[in-house]
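My structure is below; once you've seen it, I'll send some questions.
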Amino acid sequence: MAEQQNSTVSGYASPAQIDIKQKGKQDSSKKNKGSLLQTVLYGSIIPVALIVLWELLSRAGVVPSNQLPAPTTILEKIISLGQDGSLWGHIWITTYRVFAGFIIGTVAAIVLGAVVGFYKKAEQLFDPMIQAFRSIPSLAWVPLFILWMGIGETSKVVMIAVGVFFPVYLNIVSGILGVDRKLIEVGKMYGLNTFQLVKRIILPASLPSFLVGMRSGLGLGWMFVVAAELMGASQGLGFLLVFGQNMSSPETILASIILFAIIGKLSDWVLKQVEVRSLHWQDRLEK
Amino acid sequence: MAEQQNSTVSGYASPAQIDIKQKGKQDSSKKNKGSLLQTVLYGSIIPVALIVLWELLSRAGVVPSNQLPAPTTILEKIISLGQDGSLWGHIWITTYRVFAGFIIGTVAAIVLGAVVGFYKKAEQLFDPMIQAFRSIPSLAWVPLFILWMGIGETSKVVMIAVGVFFPVYLNIVSGILGVDRKLIEVGKMYGLNTFQLVKRIILPASLPSFLVGMRSGLGLGWMFVVAAELMGASQGLGFLLVFGQNMSSPETILASIILFAIIGKLSDWVLKQVEVRSLHWQDRLEK
Amino acid sequence: SSDSEAEGKPSKIRLDYAYYSPTSIVLKEFGWAEEAFEEEGIEVEWTLSQGSNKAIEYLNSDSVDFGSTAGAAALIAESNDVPLENVYVYSQPEWTALVTNEGSGIESIEDLKGKKVAATLGTDPYIFLVRALDSVGMTINDIELVNLQHADGGNALVNGDVDAWAGLDPHMAKHELESGTELFFRDIDLNTYGFLNVREEFAENNPEYVEKVIEVYEKARKWVLENPDEAAELLAEEADISTEVANIQLVERTILDNPVPGDAHVEAIKAAGDVLQQAGDLEEDDDVEALTNELINPEYAESVIE
Amino acid sequence: MSLALRDVSRTFNGTTAVRGVNLEVEPGEIIGLLGTSGCGKSTLLRAISGLDSEYDGEIEINGNVSRQIQDTASFIFQEPRLLPWLNVLDNVTFGLTGKRKDKENRAIDYLESVGLRGKESLYPRELSGGMAQRVAIARALVTSPEILLLDEPFSALDAFTKMQLQDLLLDVWKKYQSTIVMVTHDIDEAMYLCDRVVILKGQPGEVEREIRVDQERPRDRGSEYLAHLKSEILECLDLNKK
Amino acid sequence: MSLALRDVSRTFNGTTAVRGVNLEVEPGEIIGLLGTSGCGKSTLLRAISGLDSEYDGEIEINGNVSRQIQDTASFIFQEPRLLPWLNVLDNVTFGLTGKRKDKENRAIDYLESVGLRGKESLYPRELSGGMAQRVAIARALVTSPEILLLDEPFSALDAFTKMQLQDLLLDVWKKYQSTIVMVTHDIDEAMYLCDRVVILKGQPGEVEREIRVDQERPRDRGSEYLAHLKSEILECLDLNKK
């Protein structure tokens, strides 16, 4: 009997079957390409509409150009920055700082978050202080960081890491607390030690929360760039922004804002792809 | 037969039974009080140790007092602010702004998050732009907000709302996407319309994620206070911080940092209590 | 807003005050502006400017009618089409100088060659630094500029992160007193004055009220001249700085002699503009002279004061 | 309500789970679905309920072809699917509308019937497997549905409780004349409850046989006739595997 | 491995779920736990496994009293509890250590035995209820445990698959001489598999009776002796309710 059933079953995974599956995959990858284009298109509707409206208002003189220059003016500014070569320097150095800070902040948050999420004692010891630090504004850290770490790259990267740390930490702790007891018990039954339990059950199970934390953290990383680049930078998007403010130059301010938005969006898009890929197992409702 | 079993069952819920239950509750409330004290004690160990160390280092002259004054000096500063009455003004106005901004930001995030989490079209239209805005630093908004809303309370509150919005939004969307399809199907089977579905299934199911978002958002609210109070404030903790920086007064800077930490921690504690209370149903592992 | 009044009488006059403009502090403290406008039923609203760039933001966004800035900042704003006019000079301060640590071996501008110097790009100390370098034939490229906010620059100097600092009061005075830093190069003429600016629209609609504001400013200026110690006391209390610092800042390093915008100011601004243009902070095609002339409008002050 | 499936198939990512199912159900009839694990029984119920609309073929309910959710239908899923943030009572009242007091009274009646009176305030995580299943049963029955879709509703219950609940199901059926489609692995249960038993087989699952149980209710669980039918079904299930 | 429960009770928030259970299990014995829903069967298994350590009384395993997790034990829970982020194959290899290739080969053997060969790369959300349960069974058996705790392992399976898996369980038992404690609601199953059947009753649950099944394995499912025992058990369960 058993054999009979098995043969039915393995017929199910016959080469023909596999072909069908692969075809399915090709289809879906084709579909993905189509939908990527579509996604980009849809996503551009509102921004493009806003920009066109803004341009029109500017040209009609409704929005005074000294306050809010037209998009074309800002674009010119960005192009001129690109032509004198400084644009890439600003973008590169800031991206590098955010990236480095993001890595450091995330790793620190994983370690501390896992410990706090897992051990009651650790939670009681560390969590209250971390929560208190969480509401200190980035600008407040500036003088302290200069005092502790000087004005080199270290202080800038650490500043960004601080920004990244908190949301990642918060989401990890809450993700761990939210892991279904039932799954943890499975791990315990198979004799996993704490480290294995974290790695094989708790992290995957709290992955959705963790990934949101990372995306939130990355956003904060970009925000903390300004504070970071108040510490002795002469390049970078945050520098550009503050410089623009000191120089009362709205084009520069808006150019830096737009660069922040674009690069921030791109970096978030990368994380979102990671999210989509690593959460494919979730039993969620298709929209 | 059935009757027989029912009587066993109802014997189970007899007055005696109820007594036992209530006793159980009293016990646990007593336990709670004990553990609150314990929590506070444990949570104070590290901060107190750090402060003592800092005081000692300051007294020994290792830390330059003109850059990092001793804790006692800062305390004196806070007390003197308290005595001339301005302390309460600073605290009150900032708390009010954060609170108002928090409400506005959270409500906006719930509405937009629910729509985006639920409708694919809405996601495609709005999400990309929101994600792009997410990485614009608070300081960058300052000139634009002054331009659009002047320097009154509106612009300050809205600035804080912007800070609160993003993490709440991100967590809501991801929480909604992570809701188990199985539970949503239950709701659909009982003929719930979309609004009811959101209210009765999706919000409760994504509550853990939502609450982390709120806590993250509140933290960001406190951080955005500085940017908010750069817009023509003459009172508030963020004002105090910037004022201290402009006036080269490290006591004032550190006093404001410590006030941020304390009040931020308190406000977070409130949210954490809400979290504990509203997530008691979670089947999580007791630590 | 205040300009909507058809017959040119504003319902409200919005002034700023700033710790770098002691006159404005005195004016606000004694309530003379309120007094002067009360009988006409005009309200006075005060806004704190935490720096020149803030004052310009407020002016630009129609949040204040009068804003106090450094002269160079006003010029930069003018070049960016911010509709403002300089109508009064609230002080000739020596608020910036080049500072170094005691015993650092830096004694003259030439010694800065290759050294790390902190300054805030685009602000008066930065312009001062560039002009100082220029005066000995050096440029900004001969030093290593570290862009730091004023307060952070001072601390960085004391910590040894930088070798010199283009400082700003009150930070500079405070470090002088507390950390023993030294001002190794000072020149009051390379500072660009303190400008009281008015929004052009306000000036056009309410020229007589511009004059009235100048009148009350004059009253305050005279009071400060007569009572320098009390004024320092007042500033110390308001700005939460020590009396010594306030004294250095206000009594030793501020001249309140020449409130009417004139040739001296035009020259200083032009010189600053040229420097900014060389450093690339003003566009190539900006005509500094024209900008300066557009910016400075002595008529109101002249009619009030003489 | 009448129900008809016409050539219903369902394919997941290129793999067909169930193929060409035809079925006509009279109003008030009780249909049993039997079949090996994974042959598509749950998939069929989901298609009927409207939760899954990506099947091929047609499903007609009361003469209307539709792929919408059927809100006159109630579904007992294969897992209890209780809402973890609601206690037992609130889980049972979940599908009801109306005044709070009324809802609760109805719910308490049904909780009594499934033997869970006194457990109203427990949360799902405090329930045993069988208790959770009974809460799910109460939640589905309390809405007095016109169509009842049951996916192994009594699988986690002991023999005694199971019989009680089978009788409860028949009470509800009698009172509301519901049309019932139930998946079960318990052939005795199918014999005791159903008018017709549909046997699915294979992967993809196809209808192998339909067996009519022609006996008035209440039936005698030990009757000769049922025993005979049972052996027939067993044979059909097993022999086809051989 | 031998196993002994001495006066084990478990109380949740003041409500006693199970009381005063005494049980001695010889190495290699198969014990069946029967009882009404909610009488504490799962609670007992959790106590034995060490997952729950807050019971009163003592549990001795191989002569050691301990409240630790028993890692020589395997537990098939009442729900499948598959890890949703692992596919079928990885779920089965979850408890194994060693080289990847070896683990996979062992896992594939067991997947074959539970009739899921070819489904290795499916994710839990793509499985039917019975398939998920079979994956859980494979995951537990593949570790060749010395103690096996089974909580209604075959409840979601059709009669045919169920019999197959019962035989698989006996194979494993024979090969590794595992000590097995299983909860079941299927009396036939208990008769076919167990050396002793323990009947729990009441709320809080207490041991009502122990019935020894004295027949060599493999047993004949249709034997007179078993039928006789079954009616005895049925009587014990039902009459005690009357």
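Residue numbering begins at 1 within each chain, and the chains themselves are lettered A, B, C, D and E in the order written.
Rule of thumb we're sticking to: contacts are C-beta pairs under 8 Å (C-beta built on N, C-alpha and C of every residue); 3 or more make two chains touch, one makes a residue touch a chain.
None of these values were measured; they are calculated from a predicted model.
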Worksheet item: To get from chain A to chain E along touching chains, fewest steps?
Response: 1
Worksheet, complete the sentence: Ordered by label, the neighbours common to chain B and chain E are A, D
Worksheet, complete the sentence: Computed over C-alpha atoms, the centroid farthest from that of chain D is that of chain C
Item to complete: Could you tell me the distance, in whole angstrom, between the mean C-alpha positions of chain C and chain D?
Response: 82
Worksheet entry | Centre-of-Cα separation between chain D and chain A, whole angstrom | 46
Discussion item. Taking the mean of the CA coordinates per chain, how far is chain A from chain C in Å?
Written reply: 41
Worksheet entry | Residues of chain D whose C-beta touches two or more other chains | 36, 79, 115, 125, 160, 238, 241
Practice prompt. Give the residues of chain A that touch two or more other chains, as numbers and ranges in rising order.
Written response: 1, 5, 9, 12, 17, 67, 142-143, 147, 181-182, 245, 250, 282-283
Practice prompt. Name the residues of chain C that each touch 2 or more other chains.
Written response: 57, 60-61, 149, 151, 155, 159
Worksheet item: Hey, which residues of chain C end up touching chain B in the complex?
Response: 19, 46-48, 50-51, 54, 57-58, 60-63, 149-151, 154-155, 158-159, 170-171, 174-175, 178-179, 239-241
Worksheet entry | Footprint of chain A on chain B - complex, ascending | 38-39, 42-47, 67-68, 118-121, 123-129, 131-140, 142-144, 147, 166-167, 170-171, 174, 177-182, 184, 208-209, 211-212, 215-216, 218-220, 222-226, 238, 241-242, 245, 250, 253, 256-257, 260-265, 267-269, 272, 279, 282-285, 287
Response to the item:
Counting only contacts in the complex, chain E reaches chain D at residues 12, 34-38, 41-43, 78-79, 115, 126-131, 133-134, 151-152, 155-162, 185, 187, 234, 237-238, 241
Discussion item. Taking the touch rule as given, give the residues of chain E at its contact with chain A in the complex, in rising order.
Written reply: 49, 51, 69, 71, 73-75, 77, 79, 81, 83-86, 94-95, 112-113, 115-119, 123-125, 143, 160, 164
Discussion item. Quick check: in the complex, which residue numbers of chain B touch chain C?
Written reply: 64, 66-67, 142-143, 146-147, 150-151, 230, 232-234, 242-243, 245-249, 252
